[in-house]
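Two complexes come next, and they have one chain in common, chain A, joined by chain B in the first and chain C in the second.
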Partner chain A sequence: MELNGKLEEKILGLIAEGIPGKFKKVKPTHETNLQKELGLDSIGMLALVFRFEEVFGIDIAQLGIEINIAKLRTVGDLLQAGQDILTQAESKVS
Partner chain B sequence: MDLRNLTSRLSQRRYPNVIVTFENGKVVRRTHETLHTDIIEACFRLTQWGVQAGMRVGIWACNCYQWIVYDAALLELRALSVAFTDDFAGRSSDDLIEKYALSLLLVPATEARHKSGRQADAVAFLDGRNEVIQAIVRNQTEEDPEFENIGLVFSSGSTGKLKGLKLSRPGVEASVDAFTLVAKPRPDDCLLLFLPISNFQQRLMYYSALWYGFDLIVTDPTRLFRALKELHPTILIAPPMLYETFETRFYNLPKWKRMTATMLGNILLRLPGKSLRQQMARRFYKEAYEALGGKMRFMVTGMAPIKRSTLNLFRLMQLPLFETYGITEFGGVALNLPGANRIGSVGRLLPGVGVELAPDGEVIAVREHRIASTYFECEEGEAEKTFITRDRVATGDVGRFDEDGYLYLIGRKKEMIVTAGGSKIHPEIPEAEIDACPDVARSVVFADQDSAGLVAVIVPKNLQDHSARTRIQQFIDTRNERRPALTIRRVLFSDEAFSRENGLLRPNLKLDRKKIGERFLRTDQETVRLEVARSA
Partner chain C sequence: MEERQQKDFEIIDCHCHIAAEEHTPRSFIEGSIANMTAALTAQGVPVNNKKLMTMFLSKMQDPLCDALVAEMADAGIVKSILLIADFTYALKDCVLTIEESFHKHREVLARHPGKFEVFGGVDPRWGKDGLALFERSLTEFGFRGLKLYPPCGFSPSDRTLFPYYELCAHYHVPVLLHIGPTSPVLDFTFSSPFLLDEAVRLFPSVNFILAHGAVSFVEECTMMCRFRPNVYLDISGFEATLGYDPSAGAIKAITSVGLNHKVLFGTDFPVFRLQGEQKSFVETLLAEDGPLSDLNEREKLLIFNRNAQRLLEKAIAVAA
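Showing the complex of A and B:
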């Protein structure tokens, strides 16, 4: 399972898929606010989480992993959550 | 339809319809026959707990199978359901039981904290083991031999304050029947519900599925995209935000891919033969079709205005998205349909619905039975203002019809502006004209008290591109020449998009004009005063 650098690149790619036009010129950093600066609304976040599941071939709910979308405020939060989910998924599978 | 016979209707079903839910991460399918058995068992439990006809029973839970089972069981027992929405988060069970005179409150087993209150015996788990449960017996003041009032629901008003509505059974039945008559669901259809079923619109839809016999997927929003892709629904009802997510993804494709897809879509639209067009569209827009499960035949949106560009994109992709209009107090009013769809309108009136346009253009919806008989909780005077006669509801929306009977919503009556010159203007008219500028994400127009004209607050699509502001100004100057009666005399640019977080959109994602006016007109040291034409 990939972590860190490659993981960050993949998640940033997934975020980029869902950024509405008027926010496209913002260059995301770890501190960038997902909603205010990148325009990802609640449904945009749900779509992003599902794309994450598809890309990494996991089902977060089936693995019994809790994810609170309301707490994911920044790109950094999302990267950390992605890493945590994959670590938990790896430990549950093994 | 007769909701009093909903349970027995399920037992007569010939087609093996199912209800699909996600439970502990797994897909669970139950037939209508199983649902029928579960409802009968729930009736038995409720009766054992002392629930009788006319008692009020609260349901306070997220979307789940048991919500539907107990809702149907309460209908069967002729007890009144009281559906608590997310707006009640943080309230105690004792508080709700006392305030709404409940005899029983049903909560999920994960909310065990509600069993520690003074009224613990009147709190039962929807899905867990229950020991001592005793419904509270209260004096019933209203006789209801025909079970006309089936429950209480809550709805967020345009001000964000909760309104409580008394549900009328004949009104609910009329609304379900009207939708079903025109949408013509088939036994092999499958409706996906993901918004909270404590919001009554969703319950209307599952009443339709259970009565008329088609499949139902009930999930919470976190499983929405998985449910779409993997459970292959054929009917979807969702707010514009969902469909706009697809548009965003389309516009984030590499430019060459997007332009090719657009070009091919435009060629497709000119091809003769619907089935050939659809076959080709499935191939060209494979990803969008797959994301929607591949079997979608009827998607509906309402609740807030949808962007014209989103509707156009779905049309380009030959994906059947239709705009509708309804209000909680009344039920569905109008709906676009395959073969009777006019983009920009909310469709033709549903069967049994009439609309009168008041002299100021307000849509007065007319139907023999409306969904809500009245409010039981609202601001003073609101019930009289809304329920103007037994069969008429003042919607607060201003509309017009075209010559073919399609209804177009122009704006909210209370948002009509009066210029210093005394002209009454619906701001949505100049806003739609300004929004046609490719550089504009959104505009909001106010009366400009100083100049007897109008002032526009504009969010550019690209907030960083300052040259866009010059182009927007030029666009408005050209427009002003064409529309002298609606001249925009001043333009104020916003450096941020309107959102719920910055308070410039309401919780229902509609513009909060008052706050936008306060923010931009005052921060700009303007003396513009907003004249709001209040209803007489």
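Showing the complex of A and C:
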């Protein structure tokens, strides 16, 4: 699935917001490891999910969308998951 | 896929729990969630305890350990030690009694032959009933150790525990105890490793494992392991440090001081299930540039397998 450019930009913005100061200089690519290169631990991952919900105006749990945070290893995984969640959300609402 | 060093050993995870809410009091979980909410709201993240609880509980739906066994296979973990922490004396809102919890663990042992060992935990304030349950767990249920959770409100050198240590000496099984902070509903003043010192001296034939020894009271745990022949530590909980120290420098430090015959691999599953899978944690440790990259194969073998094997084999021989 090809990502919409604006969507990618928004998600990358969310990631940048959540990166601890120590890792601010890292320029994330699709291959960048979320934990090892961006310092995103479980709190950081949760923060990303909740900010994602806020920005896109959805409630993942309420919509019954399955999301396995543990499987998200790279920025690319996260972008794909974001796209999948929004697609599922759209189909559930319509 | 991250690069991974060649390994030719089978991994034993010495610190796991069943991922099911029924073994843990709701207040214990709520305390941990409150800490997460505080951290997130301070960052301006829109979240509340209820929402976090829902996410956390979604990772606690594996009462028979089928998902854990799948994750173990994926990670190259051949065996995990399931620990039963007895919170039921200190906190009164656990779904299962401690005896029921023991039976559920026994069912898991039977369901997945060879995949697990169990260390049963009993709060010493349960008196003779608790002691009898612990002995039955060794003689009838096939459990292989004692798990203690001092922040529930007792010192690991409290005399009420001595009959338990006598049983451990008799049946040649180790004791693993929680070290360091935990859910805020419990008492951190009992979490220091030095509180164990008297018991360690009085029961020299019993082996004691300091859980999370590479995360909390690291200097004290290292000292205990270095100077007490019957004290070990496990590195479980290292995942909590990866946010600010992604290269796991704490693990590198603790495995660089000549103590690798005392260090045990552990993950504390399912505590970090929102952060990664078992495979990702093993890969972090074994990466080419990971914290164990300076160790030789013999040292890695000790940490990932042999140290745990050595502690378990005496008990297994007794049961056989």
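Basically, the second predicted complex is superposed on the first by the 91 of 94 C-alpha atoms of A that agree within 3 Å, B and C clash if a C-alpha of one lies under 4 Å from a C-alpha of the other, contacts with A are read in each partner's own complex, and residues count from 1 in each chain.
By our rule, a contact is a pair of C-beta atoms (placed from the backbone, for glycine too) under 8 Å apart; a residue touches a chain by one contact, two chains touch by 3 or more.
Remember, predicted model here, so these are calculated numbers, not experimental data.
With chain A as the common reference, chain B cannot sit beside chain C without a clash. Look at A:16: by the touch rule set out above, it reaches chain B but stays clear of chain C.
By the touch criterion defined above, A:50 reaches both chain B and chain C. In the superposition on chain A, A:25 contacts chain B only, with no contact to chain C.
Shared-chain residue A:6: touches no atom of chain B or chain C. Contact with chain C, but none with chain B, is seen for A:70 once the two complexes are overlaid on the shared chain. Comparing the listed stretches 1-9, 235-243, 307-315 or 343-351 of chain B against chain C after superposition, the clashing one is 235-243. 20, 22, 35-36, 39, 41-44, 46-47, 49-50, 53, 61, 69 are the residues of chain A that lie in the contact sets of both chain B and chain C, per the superposition on chain A. On the chain C side of its complex with chain A, the touching residues are 2, 36, 39-40, 43, 45-47, 51-52, 54-55, 59, 239-240, 242-244, 246-247, 272-277, 280, 284. Looking at the complex, you find that chain A touches chain C at residues 20, 22, 33, 35-37, 39-47, 49-51, 53-54, 61, 69-71, 73. Residues of chain B that touch chain A in their complex: 22, 24-26, 221-226, 229, 241-242, 244-245, 248-249, 251-252, 441, 459-465, 496-497, 499, 501-502. Interface of chain A with chain B (complex): residues 16-25, 35-36, 39, 41-44, 46-47, 49-50, 53, 59, 61-64, 67, 69.
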